[in-house]
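Dropping the structures in below, format is structure tokens.
Look for subunit A in each of the two complexes below; its partner is subunit B in the first and subunit C in the second.
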Partner chain A sequence: MQEKKIAALLGIMCFMLTVGICVQMRTVTSTASRMGRTYAENELRDSVLKWKEKYDLAYDNLETKEAKLDKLRETASTSSEASENVKAGLEQNNMALGFTEVIGSGITITLKDAEVATNKLDLSSSLVHYSDLIEVINALKNAGAEAVSVNGERIVNVTAITCAGNIIKINNEKVGVPFVINAIGSSEKLYGALTMHGGYIDKLKEDGVTVEIEKKDTITIPKYNGVYKFEYAKVVE
Partner chain B sequence: MKGKYTMIISIGLATLILTTVMFTQFKTVEQTDITAIETMRETELRTELANWKTKYEEMEIKLTETESKIAEYQSQVSNSAESETILEKELNETDMYLGYKKLQGEGIEVVLKDNSNTAIDRWDLLSIVNELKLAGAEAISINGERIVSNTEIATVGTQFILINGNRIPAPFTVKAIGDKKYLESAITIKGGYIDEMKLYEKTVEYEVKDIVEIPAYSGKIKFEYAEENK
Partner chain C sequence: MIYISIIIGCILGAIIGMNTPVISYTYSSYLAIAIIAALDTVFGGITSVIKKNFDLKIFLSGFFGNAILSIALTYLGERLNVDIYLAAVVVFVGRMFTNLAIIRRYYVDKWTNKFAELSSKNKK
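On to the complex of A and B.
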């Protein structure tokens, strides 16, 4: 009789122990995974910072080297008039490739998603899409823009604008609203062409997109930080 | 005797339950770990990390190029004729990137045609140029007009599209040099360019080629309003 009691007691104790361990483990797991997660995130954050630092360092290094190269080109071109012309051509080319920061007159266009819901049923049309950016840049080029940037990203010949979900990328860099498009050229001509009745900006306004256009005397457009690399194309003489 | 058996059985049972619960617990732990890795924040951080790595690598490439140019100039510092040649070499290279040279290489040719229902418009061309650039196209032309940094693709009337200031009628032949597999998949991807064109009943044909020839830009990129900010 007493043995039965002991057995029952042991059984109950074991059961309670199990429950206890279960509860305990569950708590431990949730804290551990939360901690583990933040730990992993911190690790990642650290490496992101580390790579960014490496990039910054390489960037500074490049600036120094480029300045040195410029000096060497200078020395190389002083020998003759012909070489001076070559150097001037090279400088012009580097500017056209987007390798220098440029300054000049022009216009600034700001595009924002509609702030209030328009009476249109299609809400999507009142948002700024990647296609809108491509169209506006194209319209600027058509009006003779010499340099264009969107949110600080220089638009060069190899620039692609992509859209994945609701993230727009230019030169593989994320850009978001408001979109500030800077263009250097004749401010009168650019302004006139872009505000033209029936033009693309007109269409955007009709769709409910908030558009601001401003003529400016001085606009600075940053340089392109990417690379040009031809692997497949060969020059045909 | 009977009491001993009861005791052994109840202890055995309790141990069995305990073991089962523990194993279940271990399984759950494993599963939670997997979902923890896939959280949004971490994914974002991973993308960010990959992004900076790519940027750094690009910067390294540029740095190496600049360094080798410096070395070239320095090795010829006493020989002015030689350093002139280096300058010219640099000029030629930038000419190539800008579109001033006729190029040849593997790539793709896409033909866009008007049909009885639809006509090819500006966006069809702007869009394919953008897609091809994204796929790493090194040179692009439309009906012999080289696409350069200041090229416009504009609508003029209903029959022409203006490219580099020239009126171009349909059909449009878009040529691109680059990795032919990338270029092909960039436009044939599900829901991509060709799918979209078909959705609008537009006529698109393409051919992957080992040799695509792309003419040079006949104009010159000029700056009247922009100057270098030193």
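On to the complex of A and C.
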């Protein structure tokens, strides 16, 4: 009797055990691909972090080199009156090329997609497109803006603003809504030029795009991070 | 008798286990450690049957108690970010080997005695 009881009990235990083992095995086999994916994901994340670190390091390096170069230029140009002019010219050129951070009065324009599309027939018109940015920047330049940036990307003479699906690429960097356009110049002039009746901002507002314009006394615009390459253009002798 | 019931239990369990739904991956680590604990208890039970000191209460409490405790430890380890379940696995598998060694010795002795008897009978 005792023997039978033990046997039955062990049988039940083994039954439960095998059910558990089978369920577990099937769970593991069905999720093996997912495990693989998370592994690959971790690897990718790892390499992204590593590259970012490398980039930061290279950027730091660049900054120290630039500082060194500036110092060298300073020492080279302080020696004489003539080189003083060269230094001033150099600074001027660097500012024009967008190689220096600049500060001054100006305006900040924020463009956002419409929360409710006013024109149901053409939903696209209630979004901010790259062409809208180009128009606004053009209007700003026309009104005498000295430096312009969009979401921290300096607009220089080689800047391209292109459409890349649901985002916009400026200087090959991705930028997205909301677009914050900073412009340095006479804030009165810039403001007046933009809010002119029948102007481009009016059109954007009609389409439902949220536009905020703010006059500011101090605006800082970052420098251009790219390089100018001249492969084909040569100076005429 | 005991082994027949174990085999029947295993076969039935395999058939049922193949047809039950799969549990979510989050809980599979808990199930795994519970399986190891239960496996250890079953080997312990067989050993105690051989030693003839099988106690139903101890066996049952060990089966469920070990499983629940190991699941709780795994959960705690996950919260604390320490792989406590590794300690449970080491203990359980170590015990399993001890029990298996006892079972093996028992049967090796049994079979050696049997063969010795048989050969002595044949010589006569």
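One rule holds for everything that comes next: the second predicted complex is superposed on the first by the 205 of 237 C-alpha atoms of A that agree within 3 Å, B and C clash if a C-alpha of one lies under 4 Å from a C-alpha of the other, contacts with A are read in each partner's own complex, and residues count from 1 in each chain.
By definition in this document, a residue touches a chain if its C-beta (ideal position, glycine included) is under 8 Å from a C-beta of that chain, and two chains touch if they have at least 3 such contacts.
Because the structure is predicted, anything quoted here is derived from the model rather than measured.
S.K.: So in the superposed three-chain picture, is A:55 touching just subunit B, just subunit C, both, or none of them (first/second/both/neither)?
M.R.: Only subunit B; A:55 stays clear of subunit C.
S.K.: Output check: A:135 vs subunit B and subunit C. Expected answer is one of first, second, both, neither. What do you get?
M.R.: Touch status of A:135: first partner only.
S.K.: Contacts for A:17 in the overlay, against subunit B (first) and subunit C (second): which applies, first, second, both or neither?
M.R.: Touch status of A:17: both partners.
S.K.: Considering only touches as defined above, state whether A:7 meets subunit B (first), subunit C (second), both or neither.
M.R.: both
S.K.: Considering only touches as defined above, state whether A:205 meets subunit B (first), subunit C (second), both or neither.
M.R.: Neither subunit B nor subunit C is touched by A:205.
S.K.: By residue count, which of the two partners contacts subunit A more extensively, subunit B or subunit C?
M.R.: Comparing touch counts on subunit A for subunit B and subunit C gives B.
S.K.: Under the contact rule defined above, give the subunit A residues that sit at the interface with subunit B and also at the interface with subunit C.
M.R.: After superposing on chain A, subunit A residues 3-4, 6-8, 10-11, 14-15, 17-18, 21-22, 26, 30 contact both subunit B and subunit C.
S.K.: Residue numbers of subunit A touching subunit B in their complex, please.
M.R.: Touching subunit B from subunit A are residues 1-4, 6-8, 10-11, 14-15, 17-18, 21-22, 25-26, 29-30, 33, 36-37, 40-41, 44-45, 47-48, 51-52, 54-55, 58-59, 61-62, 65-66, 68-69, 72-73, 75-77, 79-80, 82-83, 86-87, 89-98, 100-106, 131, 134-135, 138-139, 141-142, 145-147, 155-162, 172, 184-186, 220-221, 225-236.
S.K.: List the residues on subunit A that touch subunit C in their complex, please.
M.R.: Against subunit C, the touching part of subunit A is residues 3-24, 26-28, 30-31, 34.
S.K.: So in the complex, which bits of subunit C are touching subunit A?
M.R.: Those in contact with subunit A are residues 1-2, 4-6, 8-14, 16-18, 20, 22-25, 28, 31-32, 34-35, 38-39, 41-42, 45-46, 49, 54, 56, 59-60, 63.
S.K.: Under the stated contact criterion, what part of subunit B meets subunit A in this complex?
M.R.: Within the complex, subunit B contacts subunit A at residues 3-4, 6-7, 10-11, 13-15, 17-18, 21-22, 25, 28-29, 32-33, 36-37, 39, 41-42, 45-46, 48-49, 51-56, 58-63, 66-67, 69-70, 73-74, 76-77, 80, 83-84, 86-88, 90-91, 94-99, 101-107, 122-123, 126-127, 130-131, 133-134, 138-139, 147-154, 162, 177-179, 213-214, 221-229.
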